[in-house]
Amino acid sequence: MSAETVRTIIDDLGALLLFTMILILAAGQIYRAIYAVAAQSLLIAIAAAVLATATGNTDLWVIAGITLTVKTIVLPWVLHRVVRRMNVRREVEPVIPVAATLALAVMVVVMSFHLSATLGPVNQAITGNALPVGIALTLLGVLVMATGKTALNQMVGLFASENGIFFTAMAVTQGMPLIIEIGVILDVILAVLVMAIMVLRVRSTVDADIAGLDRLKG
Amino acid sequence: MTGERSLGLLLFEMTFLVLLGPLVTGIIQKIKARIQCRQGAGVLQPYRDLAKLFRKGTVQADTASGLFRLIPVLVLAATVAAGALIPVVRAGPPSFPLGDALLLLGLLALARFLTAVGALDAGGAFGGMGASREMTLAPLVEPVLMMVVFSTAVAAGTTELGALAAQRGTSWVLAWHAADFLGFAAMLVLLPAETGRIPVDNPDTHLELTMLHEGMLLEHSGPGLGCMLLASHTRQIVTLGLVSALFFPIGPANGADAAGLLLGVGAFAAKILVLASYLALVESSYAKLRLFRVPQFLGIGFVCALTALALRIL
Amino acid sequence: MNVDSGLNLMAACYGAGALSALLARWSGRLALSVGHLATLAGAVVGLGVSLSVLLGVPGRTLTQPLPALFPFARLSLSVDGLSAYFLLVISLVAVAAAVYGPAYLRTYSPDAGPARQATQVLALNVFVGCMAFLCCAGDAMTFLLFWEGMTLASYVLVVSDDRDGENARAGLLYMVMAHGGTALLLVAFLVLTERAGAFDFAALRAAAGDLDGTTRTTLFFLALVGFGTKAGVVPLHVWLPRAHPAAPSHVSALMSGVMLKVAIYGLLRFAFDILAPVAGPLPSSWGWTVLVVGTTSAVLGVLYALQQHDIKRLLAFHSVENIGIILIGVGLAMILWRREGVGGVLATVALTAALLHTLNHAAFKGLLFLGAGSVISRTHVRNMEELGGLARRMPWTAGLFLLGAVAISALPPLNGFVSEWLTFQALLGGAGRFHGPAGLVIVFSAAMLALTGGLAAACFAKAFGVTFLGRPRTAHAEHATEAPPSMIVGMAWLGALCVALGVAPGYAMRLLDAPTAGLLHGPGASAVVTARGPMVLSAGLTASGTAATAISMTMVTALLIALTAIAWVLRRGSRRGPPRAAPTWACGMSPTSRFDYTATAFAKPLRFVFATLYRPRREVIRETAGTPYVVRRIHYAGEVVDLAETQIYHRVQRGISSLSQSIRARSTGRIHGYIGFVLAALFVALLLFGVDQ
Amino acid sequence: MTETLLWVLPLVPTVTALLMLTTRDRRILSAIDVCGSAILLALTLVLAREVAKGGPRALGVLRIDDLGLVFLLLLVVLTLAVSIYTVGWLKQAVAVGNMKAESLRSYFALVHLFVATMVVTVLADNLGVLWIAMEGTTITSAVLIGYHGHQHGLEAAWKYIIVTTIGISFGLFGTVLVSAAAAAHGAVGADAMSWSAIMKIAPMLNPGIVRIGFIFVMVGYGTKAGLAPMHLWLPDAHSQAPTPVSALLSGVLIKCAILGIIRFQTIAAAACGPAFPAEVLLVFGLTSVVVATPFILAQNDLKRLLGYHSVEHVGIVALGLGFGGTIGTYGALLHVVNHGVTKALAFFAAGKAIARYGTRDMRVIRGLLAVAPIGATLLMLAALSLAGVPPFSIFVSELMILRAGIGQGHWVAIAIFLAMVVVIFAGLLHHVGAMVFGEPTATASREPEAWSPLLGMMLLAAIMILLGLTIPASIDGLFRRATEIVVG
């Protein structure tokens, strides 16, 4: 397919990604957030596949596969299990009101678009709005972590921002070198496992959410 | 104008001052007595007192250290040495560098310091009280004295009393400026303080609430007391001599012949007499001030001296 | 004596002394003796070096490169007249301290463990060594290294009595203020080194040559504050009366007598030598500032000293006063140098006065601290109110302390008077040169100097009288005994110095030639002050060109001695036989030691007169027996505050600590906050730097 | 030969970590620990000599140049010191019950894995590998921080892992942008992320993208380095981690992040001109110095105090890099080493004091000099050195940084810097002086000081004082070459 169509596809995917991110931000229930992030990962995988067909870069197929298996299936499943084990209350009341969060989100998006607008034409193979979307996704993911009350929200947010980075990497260059890509994903998995262990440990020792602890200060 | 004063002359003047010292006290006492319509003791009474004291034995406080016996000696020596710096009969710088006003003030301060230390040596309340008060007033008097000296020295460009006097020349009346009047005024304020007389101190009382200098002499006795008294007589005349050297330069300057010498002595005696009667007058027409009023009294002198200096410099 | 080898030898001595701390492993006493012996040796060598430079070829500078320790700065030593003179001062006092030290440390703290003794030996040698070589530094880096070494070593000595929390606090204050001062010095030096591209003084001089006026003045004031902190000028003095008493007494002698002078050395070196416009007079603002600062320090120093009852604190405050007097001389030298131009006479007089007073103060302040030390080592009491009557129990100490007291009170015929006389002459000459307000300022500081002298006399009449005379007030004083001979010798050395410098100062002028001529590029001290031969001091020619004022300390002394002899004959009187002893007159009661005037009582009138400066606080609690007329017991407590301390330092300290407390209290412990900060940081950074303006 | 060494080096700690799993005996574990560290040090020294002779070496994604060597040396020396210290520390900790005897091997294994990841971080030439290794350090050290397993430990660990992961994901984003910019200039595949390859084409890169990339990296790795205002995790982590781990975190880990920043700084300087990264570094540096001050002054927890102190010193390093120039950069690199050594020493001494008094509350620790003279002296020395007093090493590096600042005429920065340094000096000396002097608290244990911790501390103290008194020619040469790499 032509570069033009690919670009439009990527842009549309970017828009969808942003949409899912908004869902995560606004998600009142932890399960919804998890589903949303899984969907987001799925979109990433699709994007990878699209780019693979466009550029004929086989590495991207691998990446698409990994993303699909790991981020769309395995990790959400892990999170699901954790939520089960913790049997937390489903509703998560955010740190700051959702409205404010969304307002911040808008600011972030605007800022990132403004920023990439000032860059001028970056002569990449494929860009379009990939860069601003990537920046926005990364920052919004962190915003989720900052506003989400529970440890789970924060883990979800972490994925989200990782997704943002992956998307950018794929869109702006033809993806990172495969080995790096794999290493990164491995790290993410490890990190999630360690986090999960910590969460459960705290839940088992003192019946509290680890993200709620704030004894150490000053 | 004037030649240098030889060492012989210096020593002569020194002895002259020492011998004359008690007489001045006697005269002041006499004048006071007259003013108070009393007969009063003869002018030679101080000599008799001294003679008596030197004949007596010594009683010493059991707590006093070995230093105590030495104090009167040192005090007398320092005071008399100060006397050597005063030009009495003739102006002009000494051939020997012994005539500096600052050195003179230093020696007097040394005597005062040693007196205070001696007073503390015996222990007991009176000595300490006297020493404390004396050493409180001294730092207030000395700067003013220093400024008065400066007010003339700045003009002359030297602090050597002989040279200062010589600078003034013979006809001192014409040479006076406004600054001199103010400086002299300051000196008049200081004189009672420096000679330990009313309104600052009262030499005749031994009432612990009023006495300053006497309190320090309380434990001395016999020859020791004699030395201290002689020292205070000398101190008094030296102070008067300083004033006369600063403000009434010496009479006939030229020639060291007998006639000039006599004239000089005469002029000096006259000046001392005037100042002495001034002291007597003040003493018998004022009451003693409370200790903490004295600084204000000295403040007058400070202001006069400062103004004098300002007039000199501006 | 060959200077290079002398310096090496000196370094070897102090190094050996420092290493001798290791001996404490076997015997603390051995370490003490050997260490102080090494210090003594080093000091003696130092004397040799400095004398050989001062009496050698004038205007010659010997430089000796050191091994290149740092890639960016060559280290070197360079000894000229100024360095040698201050090396002399340091060594003279160090000799006394080294002789005095071991016995003092043994008698004062016999229970001290070998660890503490080792620390003291090590720190003492490092301290003295750093001071000695600081004066010989040939470049900024060496200077700063020794400067900080000196600070650190003295800090260790201050806190060496580690169980006393008060010492630790004093050390902290000292260290912090010293550090602040050093920070300013760093900036002052680094600005020059950056322009020069090198660290050695010669290069800095060259670089300073093409500075513009404002930069030059800024640098000077940086240095003034930096060195002033170390020298303890008001209001930067607050550390001094705390730190100096905390150290062992012979170290206090070194700190008060010498370390402050090292700061003066730094100031002279920086202002006159490095920063001065090429061989030209200094900007007038410098001199006037220094003069005013000096006058203030002199007066306030002695005023606060008057109200102290801790004998070492009292002495420490007097160091503030004397530094002030020295600075008056320095400031005058700056002013007059500018006024008269190069070759002026009065500037030389002023500088001579300052330098001579540096030496004199080192002598008598060292003596006084050692004297206080031997009292303390015998009584373990620093509060004068608990002493008294020691003159009969420790006659030697008492006599030497009295000597020092007379000297510091600027009374003839001792050395304090000489340098103050020169200062007065310089002031007088200055007053003659300047008409209008400038002249008045000078005259006023002259009056203040006179006031200072008088107050000092009062203060030491009190200090000596209350400590040594009258009756012993406590058992401590009751059972005191004379100090061991080695301590007496240490004091006697300095006492002899006071007398010699007082009676025959003319002979010391030769030593001042090199520094004065070197700094002012004019006539040397002896050419001006002893123009009429070493017997006679004269203040050079005066404004009206008439004969100079002159004094001859030697003759005055001779006269005094002769008169004393005569008076002694009078004093013996006609009646022979020993004096009859009787109790002191106390209105018929049999007096006890409670009758004696206390230090508080002695200083009370002056406390009244200067109440505005003291803000005295006093509380009297009287226990009456039923009726108010019968008083059982009166409890009296009074204190005097140091204005600078209460008005400036305490407020600053309170402000900072409360501020940081509140900030810390407000900080969050919630992870969301943490993340928020990261996000915000990125956000702001992107907005600030993201777009190329 | 040397190239293979590049791969051997990270393997050494990894193998050591695996060996740890073979036994449970504390003595054997400690022996393996020390041996492993010693071997690591030896190999590093060999490598250092080779590099000094033959210049940078590269093999695949790993590369060693003088810049990396500076950090590598710091890392291995501290590792050895930590191992020696741990011997005695562990004995005591087990005796008291802070560490469970059966879980010691996992502890040792984790420590060495941690070290391995840091070695990779330092050796990485490929910026992606750099990132991976950095995340690896986060994961391993997070487990170590939470090792004691009590609530506070886990809280600290969680904050640490979350915040730093966020941080370095920003770092990854920046890396991606930079590599994108590089890819636009024909750098394909692994080259697009290879630092050495990028440096060749750096001047041609799109300044806009590199600019944004550098900001992301600065904030990202800055978080890991503990620069304010991203520093908040640091005091928590440092106060909760076991003492040897605190030493490694403060001494090396945050320095590795600094290395990451320096790598990108060079690229940014080439692409956007040196002014831009310098500006950013200056702002973050000053912020750190200022922010750390009040928390140091009003602190009661000894280890938190040291943690905030690390924030200040990382800020100083950033200042040095920001002032730039040969002197500034040299000073900054020297400061990295000096602070690493000194801070590790400080943590060691503090750890012993804490063990002695059984609390981290500085208001309780009193009269240390009386109960543990050597340890107290070392603590005092470390404090004075941290405060920048000669003849200790930090004075030298701070002096050079100051010099650079004055040379560049950054008067405001200088003024703030000096003011803060003096105030912090006061605070630090106040705290430490109160702990060292005075009458000892009754609760203090009077047992004699164990040899191995002292040995470890002596090693560091020796380096600290040596570098304060002189900089040997070899080390100077190393720093000069490293400086050239940064300044160009």
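We just call them A, B, C and D in the order they show up, numbering each chain from 1.
One rule holds for everything that comes next: contacts are C-beta pairs under 8 Å (C-beta built on N, C-alpha and C of every residue); 3 or more make two chains touch, one makes a residue touch a chain.
For clarity, every value in this text was computed on a predicted model and none was experimentally measured.
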Using C-alpha atoms only, the most centrally placed chain is C
Please work out the Cα centroid separation of chain A and chain C, and write it as a whole number of Å. 70
How far is the middle of chain A from the middle of chain D, if each middle is the mean of its Cα atoms, in Å? 31
Separation of mean Cα positions, chain D and chain B [Å, integer]: 78
Averaging C-alpha coordinates per chain, one finds the centres of chain C and chain D separated by a number of Å equal to 44
In chain A, the residues touching two or more other chains are 115, 118, 142, 145, 154, 211, 213-216, 218
Shared interface positions of chain B, touching two or more other chains: none
Give me the residues of chain C that touch two or more other chains. 664, 667, 671, 675, 678, 682, 686, 690
Using the contact rule from the top, write out all pairs of chains that touch. A-C, A-D, B-C, C-D
Quick one: which bits of chain D touch chain C in the complex? Just the residue numbers, please. 158-159, 162-163, 166-167, 170, 207-208, 211-212, 215-216, 218-219, 222-223, 229-230, 232-233, 272, 276, 279-280, 283, 293-295, 297-299, 327, 330, 367, 369-370, 373, 384, 387, 389-391, 395-396, 399-400, 402-403, 406-407, 414, 418, 421-423, 425-426, 429-430, 433-434, 436-439, 469-471, 476, 480
Note: in the complex, chain C contacts chain B through residues 389, 391-392, 395, 398, 402, 406, 409-412, 417, 421, 424-425, 428-429, 431-432, 434-436, 439-440, 443-444, 446-448, 450-451, 453-455, 457-458, 460-462, 464-466, 468-471, 532, 536-538, 542-552, 555-556, 559-560, 563-564, 566-568, 570-575, 577, 579-586, 591, 593, 595-597, 601-606, 608-609
Touching chain D in the complex, chain A uses residues 115, 118-120, 122-124, 134-135, 138, 142, 145, 151, 154, 158, 161-162, 164-165, 168-169, 172-174, 176-177, 179-180, 183-184, 186-187, 190-191, 194-195, 198, 201-202, 205-206, 210-211, 213-216, 218
What part of chain C is in contact with chain D in the complex they form? 69-72, 115, 144-145, 148-149, 151-152, 159, 162-165, 167-169, 171-172, 175-176, 179-180, 183, 186-187, 190-191, 193-194, 656-657, 659-661, 663-664, 667, 671, 673-675, 677-678, 680-682, 685-686, 688-690, 692
Under the definition above, what is the set of chain B residues touching chain C in their complex? 54-63, 65-67, 69, 72-74, 76-78, 80-81, 84, 93, 96-98, 100, 102-103, 106-107, 109-110, 112-113, 116-117, 120-129, 131-133, 135-136, 138-147, 150, 153-154, 156-160, 163, 167, 218-219, 222-224, 226-227, 291-292, 295, 306, 309-310, 313-314
